[in-house]
Each structure stands twice: as structure tokens, then as C-alpha cells.
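After this come two complexes, each holding subunit A, first together with subunit B and then together with subunit C.
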Partner chain A sequence: MRADRNERAPLPLTIAAAAGLLFLHLPILLIFVYAFTTEDKSYAWPPPGFTTKWFAVTWNRPDVWEALTLSVKVASISTAVALVLGTLCAAAVSRTKFFGRETISLLVILPIALPGIITGIALRSAFSLAEIPFSTWTIVLGHATFCVVVVYNNAVARFRRTSASLIEASMDLGADGFQTFRYVILPNIGTALLAGGMLAFALSFDEVIVTTFTAGQQATLPIWMLEELVRPRQRPVTNVVAMVVVIVTFLPILAAFYLTRDGDQIAGAGK
Partner chain B sequence: MSANPAILPRRGGVAGALSDAFWRHPGLLLFLMLTPPVLWLGIIYLGSLFALLAQSFFSIDEFSGLVQYEFTLKTYGELLRAQNLDVIVRTVVMAAIVTLAAAAVAFPIAYFAARYAKGKWKAFFYLAVMLPLWSSYLVKVYAWKLILAKEGILNWLLAKLHLTWLLEAWLSLPIVGGNSLSFSYTGTFLVFLYVWLPFMILPLQAALERVPGNLVEASSDLGAAPATTFRHVIFPLALPGLVAGSIFTFSLTLGDYIIPQIVGTSRLFIGQAVYAHQGTAGNIPLAAAFTVVPIVVMGFYLWGAKRLGAFDAM
Partner chain C sequence: MTTAVSFSQVSRHYGAVKAVDRVDLDVREGEFFAMLGPSGSGKTTSLRLIAGFEQPTAGHIEIFGETAEGVPPYRRNVNTVFQDYALFPHLNVVDNVAYGLMVRGVAKAERRRAAEEVLAMVKLPGYGDRRPGQLSGGQRQRVALARALVNRPKVLLLDEPLGALDLKLREQMQEELKALQRQLGITFVFVTHDQGEALSMADRVAVFSEGRITQVGTPQEIYQRPASRFVADFVGSSNVLPPDFVQRYCGQRGWGSLRPESIRIQADASGDGVPARVLSKSYLGAATRVVLDADGLRINAILPAGARLPDDGEAVVLTFNRETLHVMGGEG
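== the complex of A and B ==
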């Protein structure tokens, strides 16, 4: 909504909006304070003192490193799979009209529209029916499935804005299909794919609900955190890990925002 | 002046031949592009989903604890038992309350961002909603565990403000109360509200952006008080966005099993019931029947939302 004049917002509205934003951000900021607290037995506030020693303790924890490595590995593979599948699907849906087009878009969105627990338990019972043992690959299978939609949303939006005449012009000028893809299509959708890939990575890196069903004995970083949440063993280490996770997920989101800023599509609208 | 031939000779090489083939038969290219994603989603996702739903028509033998692979509606009948019905009602009521509260908290933010934020502030508001939306779910839940803890910041703040009596009065209430905030429905509600709030703000803001400013001005020119303008102009136009947002808050609350496990009473929500039945109990048919509940509820919800035009606002 755009008013022609420069209006001032009414005071109650400003206060309500500011309070809402504070509600959204204060809890996350609190994580940063707790990462430095000297208290290690409870969640006492205010912190009795500040220290950076928990960073060193966390750094020397092999279980944290293992969980982190597994998370990065799973997120990278899932993102790669999602990039290929999402782009193919987006290209097909946006370039041509065919029978069942709506069904395809629904199929892509479904894994994220239905509650994660349904995806999780469905995969788990399918794995046990097919007697597939749990491994890194079963986690990837689940993650890639719901990451496709993020890449797809970003790519579809960009394809919609890319004029089809560019492709025709390239063909008219004698480029074959692959050259057109390499020199015309890819540069046009590149940043959208990068943004979609980063969001897919962030989504996979953070996923816990589906993962609890498909992980078996392995722990990704969110699974590790969940165990600490249910049965706290070393609170200070959890505090530090939580803070690092916040920082690590913020960076791709900021990057994705700047990459798609001039676009018509909100980068994360499909989460 | 020599004209180029209108029809070029065929390209040589495998790549050239392929490229020509795709150009001549666009259907072939389409088919090749669609096959990998459709196979992946169709086999892995839909396949397991149908396998799960099929199992809800089996039942479990009460004595041996083994699954009987015969078609029956017995498992669905079990959903209607008082204890299971309780779980469903509890979850749906919680989802409804969370959705209403999220709408109330989200509206001022979305309205301010849509109507009054310009330029830099617009980007600021967008990021201010995006960052909490995308930051780690578990970290957000963890942050609330810190806040709601007995020795945590909320109790400290209330003590400083001499309002501890208010909290105690609230906690002594039936249903919403409990031993402490982290072990009460109030706590569960707060965490749900916090975690899903951004999902309400984004579509609501998108809908409000599309309300023409001159409609609001015309309404006030015609003598409507701000409340009347809100009631008769802004709210009806923002409704599709509100419904779109409520799809997220409602669906996400229905399926969540981690938040009520970490913050809340020991009474189960649908997600926890599913988890418990498929895990230690090994009662996959009942777990599968439980997952049908959110699917059916969301089916009706989406059907109603579509009639209100909510999908254009997503």
C-alpha cells in the first residue's frame, strides 16, 4: 500500500510493530549472552560472570566436530541434488505448458506443505519395508526431497522474468542448445540458483524433524542439539554451539537476500 | 552479396545432433527435463507416503503385538477412543489459538512494513522478519528454554518489576497453568507463537502491500473513523494474506512434536503420539492413522482457503 503523501505512522502502531520485532529478536540475542556465561549448572540470569573459555572447550569436543562434519556433508549433497532436480523442474514448468503442470508444482511443494513428521515417518517405514539400513544416504534422501522446493521457487521466479526472446535470439544467431544454455540461460539464472542453493543448504543444515526418523545412530548437528535439549549434559557447550549455528545460518540468508534483492520473488517465501 | 541459406545444414557431432533433436522435438526435451525430478519425488516421496497411508488400514494384534496385514478400519476406530481423541482435540485447539495470536501480533508489524516503511526501512523490516524465520529452529526453542527457566530472565524481570504474584496467579489457573512456565501450556503456546510468527508476517505483508492507499484515504474522506476503515476496508482486503499465513501456522503447529516435548506438560500432541506409536510401541498402523488426521484437517483448511483466494497471496 502506498500513500501519495509522506505520512507518519500512528504512535500505537509504531509501538506495536516495534514490540513485535523485539519479540522476534531478543530471544536470539539472548543466546549470544549465554555463550559467554561462567555459570555451567543452570540457566541463571543475570550471568554471574563472563568468560570465553567455553569456546575452547567446544573446539576440543570430537562429538561436536563429528556432528558438524556430518551436517555439512549431508547439506552439501542434498543441495547439489536439489539444485539439479529443482532447476530441471522449474525450466520444464516455466517454459512450456503441458498436461499435469499444476500437479507437478503441487508435487514439488507437498514435502514442505505437509508437516515434517509425515515425511519423516513415511520415509522411515518405507526404509524398513524395503530393508534399507540407515546411513548418511538415507538422511540425504529425505533432505534432498524437501530442498527441491526452495531451488524450484527461486528458479521459477527468475525464469518468469527472463524473456524467452533471448533464447530465441541466441538460437537465431546460430548457437546450439548447449551453447544457449551455457552462455544465455545460465548467466541469467545463475544468481537465483546461488540464492536457492544457499537457502537449501540452510534448510538442510537446520532440519531436525525428518532427520530424527532417517538418521539411525548418526547425529547431525541439530540431532546433537536436540539430545542436549532433552537431556542437558553440558549446557555451556550447547550455548556456544547454538551461537555458532545462529551466525552460520545468518550468513547464507543475508547473501541470498542481496542476490535476489532486485527480484520480484521473496527469496524464502517457500520455506 | 551472397545470402545465407535459410535452412542451415544439420550440425555435426553428438552434441549437435542432440541439440537439433531437442529443437525439433520440444516434447523430448520436456520429457528428459521432467523425468529426474518426477521420478525422485514420485518414487521416494509419494511412494513412501502411500506405503504409510496403506499401513493405516492394517491393525495390530493386541496379544502378539505384531502387525496383521489385512484390510480393516479398526485402527481408525481406535482414534476415537477418549485418550486419542483428547490428543487430537488438544492439538487442533492449540493450533487454532496459536494462529489467532500470531495474526494479532503479526498485523501491526506487517501493516507498518507495508504502509509506512520506505527505502532502507523496507529492507530492514524484510530482513528483520527473514532472519528469525530462517535461523535455526532448535536454537529458537533453546532460547525459550533459557527464557522460561525458573532461574531465567523472565522470572528475574518479573521479580524486578514486583510482578511475581501475577505469574503465580496465572500458573495457578487450571489448564493454562502448571508448576512453572516451562511445564505449562502457556509455555508451549509462547514457543509455538514465537517460532511460527514470521510465517504469518510475510504473506500478511504481501497482501497489505496490495491494498491501494487511496482506498484508505477515500474511506477517511467519507468520514470513517480509523477503526471503521480497518473493519470495512483494510481487513477484508488483507484477509487472503491472513488466511495464507494461517495455513503455515496451523499446519506447522499440527505436525510439530519437538516443542511440546521440550517445553510443556507431559500430555501428548499429535506429533508426539505419532512418534511414540511408531517408536517404542511399534504400532505403525496407529501411528499412520494419526498422521492422517493432520492431512485431513489441512485438506479441509486448504479447500476453505482456496475459496477465500488465499493462494494468490502466498
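== the complex of A and C ==
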């Protein structure tokens, strides 16, 4: 047995670590607990009783489904747009030298550094100036501004570690542009794109600020939750939705973590 | 004899930089052709022009009689061994080697068999399932060679392929490459900055300097009769002698080239020959290099092991056979 006394952390440290973890995760656990409470007007502690009826109620609420569908749709389209634009931009910036390259690199990253409220106001005024009516597409556009950054950052890092002569080698051996992309570029940047895409999806899925400025009458899931909290009716429904979202998003985040870790090993193996 | 690769007045300029400038070149079918020169002399750009990664800004390139301008790399029957090998890190060795066959749509079993065959040829049988990351530098080099040969190219381009290997391995690979070239009969175009490598391996050598070819010839011609001061100095560090010196000792006028190993040193300072003073000596193993000062002219001599070594500062006389002093034509 390796667990001898010297290797065990001292008691105060253990307590401090446990307290830190509790501080981080207790609020999330509370959300889970309130999903089962019998009381639906306010969040009373301790909950007077436990029930699973809110799951059925949630299932039958059309507004939940509408918000969820819109969020998934917006996140999917924004991620798809970001994957295409982010990859192309990363390829251009890391593969070639041209006038203003550093500026473009900075401009692409800027939206994530800017406060969301600025991006939101800017987009809203731009849409009204151009007389574009608010719709799902304006939300997608708003989300794409920061989703592109995430994909771009992941892709550019991977491109920089991938030797340029791999592409030349592929062409030299008889592969045309499409084959080179399919058999050499994609396998080398694939895990980076997957990780970037998942992160982009997650960012878009819980975005509130930019969405409030770019959405019309529609509500994405986070906006719906915000509205729901103000209304003292069937409050545990919000908690049920939150709980399901936490559980469902936890898996892809875990997957992204493992994928990029393996990706580092693959990319480093050739050098 | 057919011409494998032909350049006529080929230039590749990047703005004001003339990477390759009005180069004429003929590589014969089946020969081992070396492009030798210092870095930035245009040899690698010339190679990339043949491969199709670069397009000439002027001039005309033919590969086996067919115009090469505008033909993309994947439609040229030419393959390259890259300086950094450029093995695909996500594929194992056999898939790397079979890549060229895969993109051409050769069936899996057939391309695996062909890949194993070429791997055996480069002395790496049974390595097929490994990843490039698991191989040593020398093994990766062999995989890169196998991958380029699997398509049976008409011309194989090698971009300083031995640069990253240690001396022992490099010498061994030089032998093997030469044997492989004889066996396959494929035209090899080999880029190197190592004059020893070029002289020992090639049938013919082109010496590049500042985007131009200064001399093309057999290794013997290049070494014994350098066409210019640059060639004399770059290939084998010859002593480049000014016209006055050459006229005094040889009777002809023009720049001269005298190989260090052609010089003999006599201790008797009153004898016939070139009076000089010993500046320094460096021990090379099989020989010793002696640096001398002949009336302001710096001269290198190489003495074989066993010869009597003069002391530093000693006054000596240098002698050499007239024939070993090569007088370069023109301005030099």
C-alpha cells in the first residue's frame, strides 16, 4: 500500500480544498434540489417536500420546447458558420504572409475581448441602420462574432504546429486540393475543430447579453430562464431545465477535454 | 540521350529578390544530378520549380519534353523527398508510403503490397505498422524515400535529405542512395550545400551562386578545373590566386586555382618556389592543414599524415606542379 502517513495531505489543507469545492458546486447542487421541491412560489429552505411532478410539467410546457429548439438551432448554425469562417481565417493567417495579417488576427479576436454589451449595442444599431428585421438570423449573426474567435484560436494553434510541407508532400504525391484537405489537413486539425466547435456551441447556448440586443420577440433558453425567474409560477420548471442542460452539456465538455489532450499527442508525434 | 528536365532562361523573382535568375539547365535521363551551392543560391527554388511548388516568373521548363509551367504538382510525374521528410503524423508507415497510390485509387491490398515492397527496398521491412513519431531520424528518411519512390516517378527530387543525419549515417545513406539510383535507373536531382556529398554521389554537378549557375560538369571537372573564383573557393576551398601571382609562377595571365593538397612545403627557405611563412596549423586526423602567408597572400596547404610539419612562424618555400595550377578563363 502506498497510502502511508507521509503522502496524505494535512488536515487543514483537506478542509480548505473541500470548502473550496463546496463553494464552487453547492449552488449547482441547490438548483438540483429545488427541481424536486413541492413548493412553486418561492425558493423556501428547507424544501417542504419532494416530488418529481415538475419533470412531467416541464415536458408538457410548449414554451420550454420552443426556447430549447431555438437555442439548439442558433448554437448549431453559429457553430457551423464559425467552423467554416474560423478555419479559413486561421489557414490564411498561419499559412501565408500578407499585408495587414497581424491586424486581421487582432480584429478576429477582438469580439471576445470586448464586453458583450458593446458587441450587442453595435450589432443592434447596425441592424437598425441596415433595416434588417430581428429574427433567428440576427441572433445567429451576433453569436457567430464570438464563436468564430473560439474556432479560430483552436485552429490557428494547430495549423502553426502542423508542418507546411505536409500539404506540399500530399500534392507532390498526386493528391489534388480536395484530397489533400480530406486526407491530410482535416485529420491534422480535426480534433482542434471539434474542441473549438464544442466550445463555440456551449458559448452560444448560454449567451444572454448579445442575445437580448439581437433577438426580437424570440427567447433562447437563457432568456426564457431569466423571464421565468421573474414570474412566481411553476418556478421549479426552470430548475428542471437547468439540471437537464447541466447534465447534457457536461458530456461534450468532457469529450472535448479528452479529444484535445489526445490531439496534442498526435500533433507532437511527428516532430 | 533524352533530356529529363530542361530549363531555358528560367527566372523566379520575388519582388527585387532574384531567387533564380535566367538559368539554363539540362538534366539527362537516368543521371544523378546534384545542385550545389550555399544557402540562398537558388538551388532549392530550382528544385521547387521542377516539383511545381513554384512557378517561374520568366523562362520555360520542360520535363521529359512536356511543358511544365502551369501544371500543378499533383499532375507531374515527379516526386520529392523533403528536407524535414514531411511524413504524415496521423498515418502509420505503410499508409504514408501508400499515400500516393491511395489518392490514385489503387485497391487497398494492392497498395499495401506495393508499399511493403518499396519498404523492403529501402531496408525497412516490417516497420509498416509504426507511426512516424516512433522512428529514428534515419528511419524516417527511409520512409520519406520509400513514399516518394512508390509512385515510380520519372524524376526523384531530393532536398538536402541527409542534412539532419549524423556523419556516420550520412555516409551510409550516400552509398545506399547511389546504389538505389543505379538499380532503379530513375533520374535523381539532389540539392545539397555539402560539396563532399555532391562530388562523391553525383554524375554531374551544377554549382549555384546568387540565383545563377556558375558551372555544370562532372565532379572531376568541377574540382580540377573550376570555372570561376567562386567555384574554386566553394568546392574544396581551393587557393584562389590573383593574376599577378599566376603570371609570375606560371607564365599565363588570369585568376588561378591551386588545390591545398597539391602544395608541398620545403623547409629550405633559399630553394626554388614561393617563399612563405607559416601562420598556423590545424590537425584534421588524416591530414594537417597549414595556413601560410606568401607575401600578403593567404594560402592553405594540406599535408598528409606522416609528412614533416613546419613550426609556426617558420620561413618555408612552397612548390607545386605547374599542371595542378588551374588558370580560370575570362574575368574569373
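Methods note: the second predicted complex is superposed on the first by the 237 of 271 C-alpha atoms of A that agree within 3 Å, B and C clash if a C-alpha of one lies under 4 Å from a C-alpha of the other, contacts with A are read in each partner's own complex, and residues count from 1 in each chain.
We adopt the following convention: a contact is a pair of C-beta atoms (placed from the backbone, for glycine too) under 8 Å apart; a residue touches a chain by one contact, two chains touch by 3 or more.
Treat the numbers as computed from the prediction; the structure is a model and nothing was measured.
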item	value
Partner chain(s) touched by A:Val184 [first = subunit B, second = subunit C, both, neither]	second
First, second, both or neither for A:Leu194, with subunit B first and subunit C second	neither
First, second, both or neither for A:Ala44, with subunit B first and subunit C second	first
Partner chain in contact with A:Ala169 - subunit B first, subunit C second, else both or neither	second
Which of subunit B and subunit C A:Val108 touches, first, second, both or neither	first
Partner chain(s) touched by A:Val72 [first = subunit B, second = subunit C, both, neither]	neither
Subunit B versus subunit C as contact partner of A:Ala80, first or second or both or neither	neither
Which of subunit B and subunit C A:Val57 touches, first, second, both or neither	neither
Residues of subunit A touched, compared between subunit B and subunit C (which is higher)	B
Partner chain in contact with A:Leu226 - subunit B first, subunit C second, else both or neither	first
Shared subunit A contacts, counted only where both subunit B and subunit C touch the same residue	171, 174, 176, 266-269, 271
Subunit A to subunit C touching residues, read off their complex	163, 165-166, 168-176, 179, 183-184, 187-188, 266-271
Interfacial residue positions of subunit B with respect to subunit A in the complex	8, 11, 15-16, 18-20, 22-23, 26, 29-30, 33-34, 36-38, 40-42, 44-49, 51-52, 55, 105-106, 108-109, 111-116, 123, 125-147, 149, 151-153, 156, 194, 197-199, 202, 206, 208-214, 216-217, 226, 251-252, 254-258, 261-262, 271, 274-275, 278, 284, 287-288, 291, 294-295, 298, 314
Complex contacts: residues of subunit C adjacent to subunit A	51-53, 72-74, 78-80, 82-84, 86-90, 99-100, 102-104, 131-133, 147-148, 151
For the subunit A and subunit B complex, residues of the former touching the latter	1-4, 7-10, 13-14, 16-17, 20-21, 23-25, 27-28, 30-31, 34, 42-46, 81, 84-86, 88-89, 91-92, 96, 98, 104, 107-108, 110-111, 113-119, 121-126, 129, 141, 144-145, 148, 171, 174, 176-178, 199, 202, 206, 208-209, 222, 225-226, 229-230, 238, 242, 245-246, 249-250, 253-254, 257, 261, 266-269, 271
